[in-house]
Amino acid sequence: QDATTGSVHIVGFSGVFADNYQKFIIEPFKAQHPGIEVTYEQSKNSAETLALLTLQKADPTVDVALIDVAVAIKGNAEGLFAPLDPAVVTNLADTPDWARIGEDRNIAFSQDNLVILYNTETVSEPPTSWTDLKDPKYQGRIAARLADTRGVILIPILDKIAGTDYKESIDPAIAAINEFAPNVLTWDPAPDCYAVVQSGEVDLSICWNGRAQYLHDTQGGIIGISAPKEGSIGQTNTINLVEGSKNAEAAQLFINYALSAEAQATFAEQSFYGPVNSKVELTDAVAARIYGSKEAQAAQTSLDWPYIATVYSDWIQRINREVIAFN
Amino acid sequence: MTDKASHRGLLLWLLLPGLLALGVSFVMPMLWLLRASFSTSAFGGPNGEWTLANYSTVIFDPFYWRVATNTLTYGLSVTFFAVLLSYPIALFLTRTTSRWRGLLTALAIAPLLTSGVVRTYGWMVILGDRGVINGSLQALALTDAPIRLANNFLGATIAMIEILMPYAILAILSGLGRLNAQLEEAAAMLGANRFKVFWRIILPLSLPGVLTAALLVFVLAISGFVTPRLMGGGRVFVLGTEVFSEATVTLNWPLAAALALLLLIIFSSVIILYRRALRALEA
Amino acid sequence: MNQTSLLARWSWRLLITAIYLFLLAPILIVFIVSFDTRQYLAFPPESYSLGSYALVFQNATFIGAFWRSLGIGIVVGFGAVAIGTLLSLALTRHRFRGEGAVNFLVIAPFIVPNIVLGVGLVLVLANFGLLDTYPGIILAHLGVTIPYTVRTVSMSLSSVDRRVEEAAMVHGASPLKVFWRITLPLIRPGLIAGWVIAFLISFDETTISLFLVSVKASTLPTEIYRYLEYSTDPQIAALSVILILISLVVVIALERLIGLRKAV
Amino acid sequence: MPDSHLIVESLTKTYPGSTASSVDHVDFNLQKGEMLALLGPSGCGKTTILRMVAGLIAPSSGRILLEGRDIAQLPVYRRNMGMVFQSYALFPHMNVAENVAFGLEMRGVPKAERADRVVRALDLVKLSGYGERRITQLSGGQQQRCAIARSLVIEPDLLLLDEPLSNLDAKLREEMRDEIRDIQARTGVTSIFVTHDQDEALSMADRMAVMSAGRIEQIGTPREVFDRPATEFVAGFIGAGNFFSGTASDGQADIPGFGRLAFSEPVPAGTAVRLLVRPHRIVLGDQGPNHFSGVVEHLVYRGQLLTLTVRVGERTIVADLPTHAGKLPALGETVSLSIAPDDVTLIGEAAS
Amino acid sequence: MPDSHLIVESLTKTYPGSTASSVDHVDFNLQKGEMLALLGPSGCGKTTILRMVAGLIAPSSGRILLEGRDIAQLPVYRRNMGMVFQSYALFPHMNVAENVAFGLEMRGVPKAERADRVVRALDLVKLSGYGERRITQLSGGQQQRCAIARSLVIEPDLLLLDEPLSNLDAKLREEMRDEIRDIQARTGVTSIFVTHDQDEALSMADRMAVMSAGRIEQIGTPREVFDRPATEFVAGFIGAGNFFSGTASDGQADIPGFGRLAFSEPVPAGTAVRLLVRPHRIVLGDQGPNHFSGVVEHLVYRGQLLTLTVRVGERTIVADLPTHAGKLPALGETVSLSIAPDDVTLIGEAAS
């Protein structure tokens, strides 16, 4: 037990994430640090969190922000986040280099893989490859929201399949999307990419793994999840210390706990978000539900997020203009 | 008797609360928006520098021109059909002597008070590939593949027409107030049959109401984003959806502001045209 | 009468019925779907139950947001009517310099799309630290509702016979007493109509609210929108049906009270 | 009367949902070029008759014959009648000429002829040069004339006027009366004129029909109706009057509480009679068989007239005296009044 | 006149933005208990005068003295005047009693006394028992009486009535006239009555002021004004008339194209005169110095009257003959008309 006192105000994702985070990260942390008060505030999305931090810049009330990596990098440009002290946040040592972004300002703590969902009642042969998306039998049976981070992650995956480096050209990826575009019923599934599969509105949908696994368990298994054999890339969530935080010390203690192997392993088991800490050992069953087959696990990659941040809106615009606008 | 000073004091108290409220909730946002549209800072914050880049993006990028023309097409088609369908209802409601008239009026306006989001969902159930219409068509073996009625421009238009119809009905109803039964009788006495009475008397007299309805519907249609997003399947790019996605997805608020102001310019020009038309009609 | 006019009458009725059907179709669908037992919106329902209604009444988020929206709507109603009445008095009963500007200010929010206003409002309210607070959302809603209350109140003010006020004055009432005893009671229908309209707009406003509130001051429409971002199930249909019933009651009461056409 | 232009036979209208008939077995005939005034209190059914003739509402029973043809099956727009509404019902979105031309246009009259006839019609109602004016730029009287022109230009078989003067102020009303009368005389169009103003009916119509509660009480020339009212209702409705009830005996009547009143019409002795004396017909002095004296109780100077209320026995008599220069009675003065027996009118059936 | 109750001195009103004065140097005095009628065509400034007296608008110049005190600085609600508006302006959200009590309430009269005085006021206007009625449940006449009660109950120093009868139909109007006159006589309140109906002014007022374009043309008793109009405007506005222009010579005038017309007023020979003969004062026959014969050109039967238009020489003369039983002239007939010299009125300055 630790005697440090203070209070940490966290702003982060809402919904099931918030529930799990509260239960599996914050509660155990508080048990270890009874002197530290932790409050968690749900935010609609990362953009809103960033707006809030920007506007509070002079006198922040938030100490720790959990946000998407792309948004976090944008925040660095506005000088919103402070670098972490490796002496306090000792678990940084176990964090891979790609995850220590912005000179230790934005630390990736979990990844949610992009996967293909399918309706187990209408699809007898689950897709196993990203290329299955262009199979004509799915004519008008695919939902894919690509005009956001999903599209930005899909591009490097498709580029890799085409043997191209995403930093050189994304034309092959765009071409690949165009190949399955005729099968797409909606580029903006309403209400979301899970419900349309659940309701049978479509057969396939390109979506995030974590929530899909949760729905698979709670909604009678109608949603099936396929992590394609070419591997996937995760949507990366970062934890950030707010510049000018009045509780920087307690906040860094919390961040340190959040990055620990113990915390990440628990969270991975509960929410099927991929852990980042290199010390985490997942059971085979859990690993399969996060990354798919052994083959897929081996093909799993990650991205150069600072680079991605510079092309983020360009890529979305290219998807909008070169694919969706014609389909 | 009229004490100038006390009169001015009274006036100040009458105006002050309203000016304050509208100042904060309307004037300042519009000024900030204007400032933000010239700013380099991601959130239009005070630390940004002045730039014309956002406008040059909006003006020189052909994509935004397409969005603008899409918006106009969308607005005009929604307006045309909403007014076309609302007119008979309004006419019916002014005419009917049924004792259900109150209820029928309430029914025509009730949708107005029901969340547009919810009604849009209703439309998804009706127009979707496996929705009511495609389901019936297939059950009757009229088609074998579903007809694409939703997730496209058509679906977004149909839903928007329905969502905005109550406004049009109300506006036309108040316009039809000018009509009195005696004018129609007079026309009949002068030899006009029913069709001619409608064409020469009822229609011209209700035109101001129709114009008001058209303006209202147009304004609401081109600024809407919920319905085009939900019903458009991501394929409908209009200014409303672009403003929203620049503001929330790409986080480019200055660009969102510039787009918003572009929208405002389209509006203002339409309103000026409308005023002209109205004046021409009344002269 | 003769055959053609009979035909004409029936085709007219058919047309009206068809348009009504079109107008009410989504509401009807939502109504039917609200009794489905499945966890997603589809038509026709598999089996019927009142389960979704029970869920709505147990949903703390909806219940909380409902009361918040109700509270915000009521405050906005009173605020907009009070401010609108003062503005209407200034505009209908006084000549002053800048009258044109005030008149413009009062109709301008009508023509500025909510989405545009929403973006601007975030910038301003954030600056005052009013994002996701009650004062913030109330101020924002006042901005969109005042134009409506000014319109309805002005309309009833201009229908008040000035001579009635003069008569009161001649018979000994000071200007303030004239206002309290004569003008105010006479424009009461307009005030009520204005209140109801402001309330309904605030209660239903989504676009601006989506920009301004997140958790603490979230309103029912934003919660519905947010809920719909992740799920569509009959719960949302059931909630909508409840709201439709509430609005129908309000509409009919309004119609009874003053006649809708005068109100809007 | 086979040569009548318009024949209305037993016309009846019961509005749906109402038990009483608003128009109840009404009969009348109109000669070509005649002007009939329909007169009666509000709600007596005048407008209803007019609207049935126009075809705007269908009769419950009865027939309407125009030039001998039953027009029941003829729709409004084929009846070729002109109508001037109380509020004129001019088309606000058309100018004066367009309003007038409307009926011709409906009849497919070629443009050139149309323009010609519009000019002549506007001339007739003295609105030449007003063709381009908007309706809102016309005074009440001009609007009325425009409405008349609009209904005359189609050369209607019948002109119907529904209280066309009731919206005008007294001065204008009097002018308009003459004008309508004049135009009607010049065009010779058969007309029905609805009014509830007796002065209007008296001064404009060839014949007038006095209605009450859906029925025609009396129909005749203004003189017949004024001088020989068929019923007490007619007598009271047309002009003011002093009424007396008494018993006839040999050319005069015994009126309890008043005295004897000689009158000219032959009535069997012992008959109960109702007699009417118009205030205007009473003169000062004590000529003839009917003269009374009494005290002036009330006196109103009305310019041309002096209205006296004089107590005679147990009654008061109202007399309108012309204010010819010379001594006029004063309040409280005792005056003598005389009534010529010819000016005593017998009301109702005993008269014939 | 120091003992006048109300003195209006050189009262002028020019509305902002208008160049001409709507009321232009108007002077008049009222004795206590007197009723003055302000008469004139629409727009002549009647209402404006009334509103200045009431304090609802401020005069541009001139003074208003009530019981010798200038009331310029007194705000409306302290002037203690009663006012009856054209449309009555009753408070629609209060019942009859509340309407009547309003003025008392404003004056802080205790509740019990208030109730008492309201009952008496309603009694005065014959509305006892109507206290609980809603305004909308009253007939036009009852509404008027309620408005009168409301303005009388405060025992005003001055009662102002702005065309209180113009909303009523002819029958009711005549009844109401008598009623107002009666109440005013009983309460003895000084009153100003605005109207544009000459008959109303003639039959109600103690004195009348005829206005034209903001100025008072003549002020006097109804008889003075009717019989001795000061200007041709007054002569024409009050009653119909035949006007003649000619040259005076020894008790008669030479009227070119007509003949000679004897009149009673002394005028130096050779003066140009304007003469007026009221149609009502012309009689059939050839008595006296002024008799003419002519052909009946136009003839309207108006019940009590027969209006003849007779061509005499180059002129037409309009005569209203009573329709006493007996032979009446017919169209085209040659008739003799006579005018008593006393019935020929000299208009304008030469008279007096």
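We just call them A, B, C, D and E in the order they show up, numbering each chain from 1.
Quick note on the criterion: a residue touches a chain if its C-beta (ideal position, glycine included) is under 8 Å from a C-beta of that chain, and two chains touch if they have at least 3 such contacts.
Please read all numbers here as calculations on a predicted model, not as lab measurements.
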{"item": "Partner chains shared by chain A and chain D (touch criterion as defined above)", "value": "B"}
{"item": "Contact-richer chain pair [A-B vs B-C]", "value": "B-C"}
{"item": "Rounded Å distance, chain B centre to chain C centre (Cα mean)", "value": "16"}
{"item": "Chain A-chain C separation of Cα centroids, rounded to whole Å", "value": "39"}
{"item": "Inter-centroid spacing, chain D versus chain C (mean Cα positions, whole Å)", "value": "55"}
{"item": "Whole-Å gap separating chain B and chain E, where each centre is the average of the chain's CA atoms", "value": "58"}
{"item": "Residues of chain E whose C-beta touches two or more other chains", "value": "55, 75-76"}
{"item": "Multi-partner residues of chain C (each touching 2 or more other chains)", "value": "41-42, 228, 232"}
{"item": "For chain B, residues contacting two or more additional chains", "value": "43, 121, 124, 130, 247"}
{"item": "Touching residues on chain E, where the partner in the complex is chain C", "value": "54-56, 75-83, 85-87, 89-93, 102-103, 106-107, 150-151, 154, 160"}
{"item": "Contact set on chain B toward chain C in their complex", "value": "7, 11, 13-15, 17-19, 21-22, 24-30, 32-33, 36, 43-44, 85, 88-89, 92, 102-111, 113-126, 130-132, 135, 159, 162, 165-166, 170, 173-174, 177, 194, 219-220, 222-223, 225-226, 240, 243-244, 247, 253, 256-257, 260-261, 263-264, 267-268, 271"}
{"item": "Chain B to chain A touching residues, read off their complex", "value": "41-43, 45, 47, 63, 66, 121, 124, 128-130, 146, 148, 151, 229-235, 237, 245, 247-252"}
{"item": "Parts of chain E lying in touch with chain D, wherever the complex brings them together", "value": "42, 170, 196-199, 202-203, 222-223, 226-227, 238-239, 278-281, 283, 300-305, 307, 320, 322-326, 340, 342-343"}
{"item": "Parts of chain C lying in touch with chain E, wherever the complex brings them together", "value": "161, 163-164, 166-174, 177, 181-182, 185-186"}
